[in-house]
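Pasting the structures in now, so scroll down.
Across the two complexes that follow, chain A remains constant while its partner is chain B and subsequently chain C.
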Partner chain A sequence: MAYDYHAVHALDGTIGAIAERRANHLAVHRATAMAMVLASPGRVPEAAGILVANGDFEVRFSGPGEWLVLSEVHAPETLAAELGVRLGDAAFVIDQSHGRVALTLTGPDAARILANGVAVDLHADSFPVGRAANVLCHHISVNLARTSAQSFDLVVMRSFAEALVDDIKVMARSHDLSVDFATR
Partner chain B sequence: MTAYRLPAGGLIDRSHTLAFSFDGKSLSGHAGDTLASALLANDRLLVGRSFKYHRPRGIVTAGPSEPNALVTVGSGVRRDPNTKATVAELYDGLVATSQNRWPSLAFDIGAVNGLMARFLSAGFYYKTFMWPAAFWEKVYEPLIRRAAGLGRTDLSPDPDSYEKSWAHCDLLVVGSGPAGLAAALVAARSGLRVILAEQDFALGGTLLSETTRLDGEAPYIFARRVLDELQNSPNVTLLPRTTVFGWYDDNVFGALERVQKHGAAVDAVKPVERLWRIVAKHAILASGAEERPLVFGGNDRPGVMTASAAATYANRFGVAAGKAVAIFTNGASGYRTARDLAAQGIGIAALIDSRPDAAEAAPAGVRLIRGGSIIDTRGGAGLRGIVADRGGFEDLIACDAVAMSGGWSPVIHLACQRGGRPVWSDALQAFLAPDVGAGLVPAGAAAGQYRLSACFEDGARKAADIVEALGRQAAGFQAPVVGEEPDPSFTALWHVPGAKSKAFVDFQNDVHLGDLGLAVREGFGHVEHAKRYTTGGMATDQGKLGNINAIGILAAMRGVSPAEVGTTTFRPFYTPVSFGALAGTSVGGHAMPVRRSPLHGWAARNGATFIEAGLWYRSSWFAKGEEKTWRESVDREVRSVRENAGLCDVSTLGKIEVFGPDAAEFLNRLYCNPLLKLPVGKARYGLMLREDGMVFDDGTVSRLGEAHFLITTTTAMAGGVLSHMEFAAQVLWPQLRVRFLSVSDQWAQMSIAGPKARVILQSIVEDDISHAAFPFLAAREVRLKGNLKGRLFRISFSGELAYELAVPAGYGEAVADALMRAGLPHGMCAYGVEALNVLRIEKGHVTHAELDGRVTPDDAGLGHMMGTGKADFIGKRLSNRFGLTAADRAQLVGLKALEADQEMRAGAHLLKDGAKPSTINDQGWVSSACFSPTLRMPIALAFLKSGRERYGEKIVVWDRLRGVETMAEVCHPVFVDPDNSKLTA
Partner chain C sequence: MASLISCPHCGTRPKEEFAIRGDATPLRPSSMASDEAWHDYVHLRTNPRGRVREHWQHVAGCRRWLVVERDNLSHAVFSVTDAATEVDR
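Let's look at the complex of A and B:
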């Protein structure tokens, strides 16, 4: 008997094919490696100093002394190990590659669409590129980060991913939105 | 009366004619009309019947305080009752219907109530419909509701959709009149993020109906210039058709935008209404002032309206309220209206000033009566004349409209919604907004500044103050040169003495002068009592128009100042908001999110029937072959687990990883049982208590490393336990070095239970999981064949040899499939939460059906778990309370039905054999019940007084809800394998 396990994405079977991308687009990432980093008590600055985004991964604020680290370079299996080596006992690292789903909302109306569910001020002056926050989108908890003037990353718990995408479709119903898996 | 469209003038587009209907009659108006102005232009002033007496009523105002002109707009399922015609924007194809009349507006049978008026005085229903008490709900109230009440809603599902949006700004300006425009302009030029909200469909406020010239031009031209600049400022959002209805904590404002209420066609991808939550650093309340009606005899006859309304209809909408308008005023405003109407060529029957001496002069040719009043009106459903009184001489004056001006009240509603009480000003004879801090500042007429020049100055200055408070440089604003303005003063006149017929104070609720007198005489003189007693100030207008006069009248009757009477409480909403807008998109499938287990697809492929469990959909049972009822499937699944093996999705359990040198100590304080000595690689059952000593939640604690734990919670309490832990870590014991994270979604977790569990599991696990290598309660990482890492726990809820295997969520389905294939030759089945429930009842394991918040560990038979030797843990102190240790507390027992076909139900009460079925004789309750395929009889878990001493007793299970009584035998709650030999096999 062969044991070759294939991973199933939380949104497999829920997203239909699209003919073309619309003005606003929600991309669902298939295989983003993700890990949560919790600074060891009393060692927040030290952990923050080690956790500097370096092109291999991105670091998002997720709470005092807590970060969400994402990587398109590392495999889910290796990101946590890599971070563990870097951080030593300055932080605890927990693989969340299967626990979260990463989405990217891009387009001229991205901030306006999000304002239909998110209470945080997303004006570029208040929420500039690189800023991240744990927010509620309607009833669902999301780590929201601005990645460019017209682009936001949303990282959501896996079990809520389908409900969140359904909500975003409704939030964007008058804003010309397409949804698809990211090509990468 | 004979209202008509003026030959020229107004801000309407006369080249654009709109067809609409009222009560089935086709009429026409112009773009820029409100429904009210178009009705007036068609000489339709009778627009409704009053609430109680069904008196004919006409349009009184030209704005959102309208008490009378409430109509139903739309038809069928798209029907909005109680729409104020005075703010409803006219559109082509609008269908409006009058309300509260039968069979027709002109002939209304309910008007007989008017003849019965002496029996229908204030508070009449409290007195009349008191006996018999049972009649109130069944007879009186439905009757009153049918006879009174306003519009009726359609009860079919709303075909339209709504939306809720957040907005953020430095400055929210409420109102786009002179003060609002000046404020918005200063803030916009200074670079603030500005939102300007206006309830009207046209921006400009009173500048749209004002005739005093600004910079030598009509005021609307000035307004248009300012609006153009604002429109072109990227930092400004203009929100017309948006009513700011509420002011909430943290300077959040609620506002309702009518997105698609001004057209017959509805674009389905857009909401019809949008509810804004506006987070504003600062807000300026530029909501203007409301003109007061005068309380004189017959003041509710159609044709009587406020003077400012008559002027607005003439100036903004090009409509004359009548051919001969009598003006009744207590101040300068009536003279201004006289000039405005005269300028439009509208006839003025007389100008009656209640003040004996006044400096103002009436327009040339207008008959002026100083020190006079109106004491009655003549006519039927339309006004034909008034009875004027001067010094006891009555004079019948023919007229077809009355424009009344009782002075002005600043609109301060929003500023008083968070506890601040209005402050009486003797100088202005009005209530002003209290000082509610820098977050919300009234400006212009809302602050008692009635002159145009003062409004511009006040709005600009208050905006500049805010700009500077935000650390910026305030830009300049060149106020326009304001033409000749009348002195805005007036002499308060709360009611006109000598009324010859009913003088209404609150038009909408049919409250007249006499009702207030009755309220005071009967001891309901307090303003809040008077409101409830008379209903004055209730319903859709909430006394916007009438309350001030009611307060003045109460003050006069009690011989005190209005300051002492005070106002009733202001609350959101300023104007009614539809439920649809409040719900937004949170309807139907979007009312709450659905959580999907990572094994959802696997369960669906295996034929699961799902059940809602909180936000989750859990697999309930897996029907096979010929099985027709859920019981058949569940019985088979239970037997399969007891005899062979079964696989169940337990991914929904909460999973929290805990790290840190003090993690063990932290958990030791959270759980009531000792955990410090839990060895690495082992799991233990754990019980958390609340501070009051009751069980909070249960689960397992596994030690994965010296300073690394994984705990599980029940599905229902996953969130609650996590926040409990956050509270404990942040507030109770911040000194403990501990970190934790919910990892619930990272893992797909499956329970493999049954005598053949090990052999099946071993076939896919690389590591040795023999009893010696992986004994009961072992917990550690394992490697599956195919090089996949998982976590394995040898724990059992079913009482069988059992494991829980966790793998990264994405691999869950693949691993479950592999296990099912491996289990096939061993007779393994998929089982759902129904079978899981039967298995745990048979084993006497508790869930939240037992741990319902009233149960101590000892009640649940878990008293031995209490770590009484521990220095402290949450719940320890209060566990020793008298009553929690009493010997007759209800204790967990098992019940076996005496007859195999007599099922028991959870919720049933327990009675001593022979006791009368009554809760007085209550001995306990059934918490969980099922048919046990293993024992082949109905069994139950129950709580029974001193239950553990009563094994063997025959007891009555009394199900009052279903009217069933069954006999059962009390027994030990563990029905299956009481010595746990299966667990350690």
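Let's look at the complex of A and C:
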């Protein structure tokens, strides 16, 4: 018997009604290929080397020997398998494409908005482009990465996405912020 | 935020990101150790004032278990190390 499945985003119905773009913009990605990679004991440098050597993967620090890997080249359905083939038994791979939601905050006030809820120093000198960290944003744990001087990527557990977007709206109350899906 | 812990993996973070398990000094006895040794390990705790060693987990960060040496009166933090390095001690 064949079933038709309807993919629903965690934020469907809560954002996306108004198409507008203000100075600061929070874009919620509809589908991002993501996986957690945990290096096997004693094989951290080897796993890191394999991940970094390949330009298809965006590698973000999560913990010692543990990374959140995003990819724009690979589809959510194939990323984990691709990583599994490349890493072999150097690491364990867990697909997170449907478990987490990726958001991008862009704008001249991006760092100031985040500073209202995140307790790490986001100055470009101490949190440069390419740096990533697991941080607490109010009470929600997120993986925060700086992708350029004025843009940050946030990756959050799917079920916390709505609460995080609400929190960011509050954090941005004194700044000009619009929220929408990245692809309409 | 007054209470800052310098995680060896993540840098300086507020205590809200951590969960505290408690005293890090009792060492788990072997599985066949005497009932007295297990009773001591499970139930008996000193209640020191001043410098203590505790297990803290960085739940909102790297999720690693850390050993935090601090003063429980002034909350001055003396050292923070990954608990995995304690295994070799």
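In this section, the second predicted complex is superposed on the first by the 176 of 184 C-alpha atoms of A that agree within 3 Å, B and C clash if a C-alpha of one lies under 4 Å from a C-alpha of the other, contacts with A are read in each partner's own complex, and residues count from 1 in each chain.
In this text, a residue touches a chain if its C-beta (ideal position, glycine included) is under 8 Å from a C-beta of that chain, and two chains touch if they have at least 3 such contacts.
This is a predicted model, so every value here is computed, not measured.
Look at A:170: by the touch rule set out above, it reaches chain B but stays clear of chain C. Once the two structures are overlaid, the count of chain A residues touched is higher for B than for its counterpart among chain B and chain C. Applying the stated contact rule after C-alpha superposition, one finds that A:119 touches each of chain B and chain C.
Residue contacts after overlaying the shared chain place A:135 against chain C, while chain B stays out of touching range. Residues common to the contacts of chain A with chain B and with chain C across the two structures: 66, 119-120. Residues 1, 9-11, 13-14, 16-17, 59-64, 82 of chain C are the ones that touch chain A when the two sit in their complex. Touching chain C in their complex are the following residues of chain A: 62-64, 66, 119-120, 133-136, 141. Residues 163-168, 193, 269-271, 277, 279, 585-586, 589-590, 592-598, 601, 616, 657, 659-660, 708, 737-741, 743-747, 763-764, 784-786, 788, 808-815, 818, 821-822 of chain B touch chain A in their complex. Of all the residues in chain A, the ones that touch chain B in their complex are 1-10, 12-13, 36, 38-42, 65-66, 76, 92, 94-100, 115-116, 118-121, 123, 126, 138-140, 157-164, 166-167, 170-171, 173-174.
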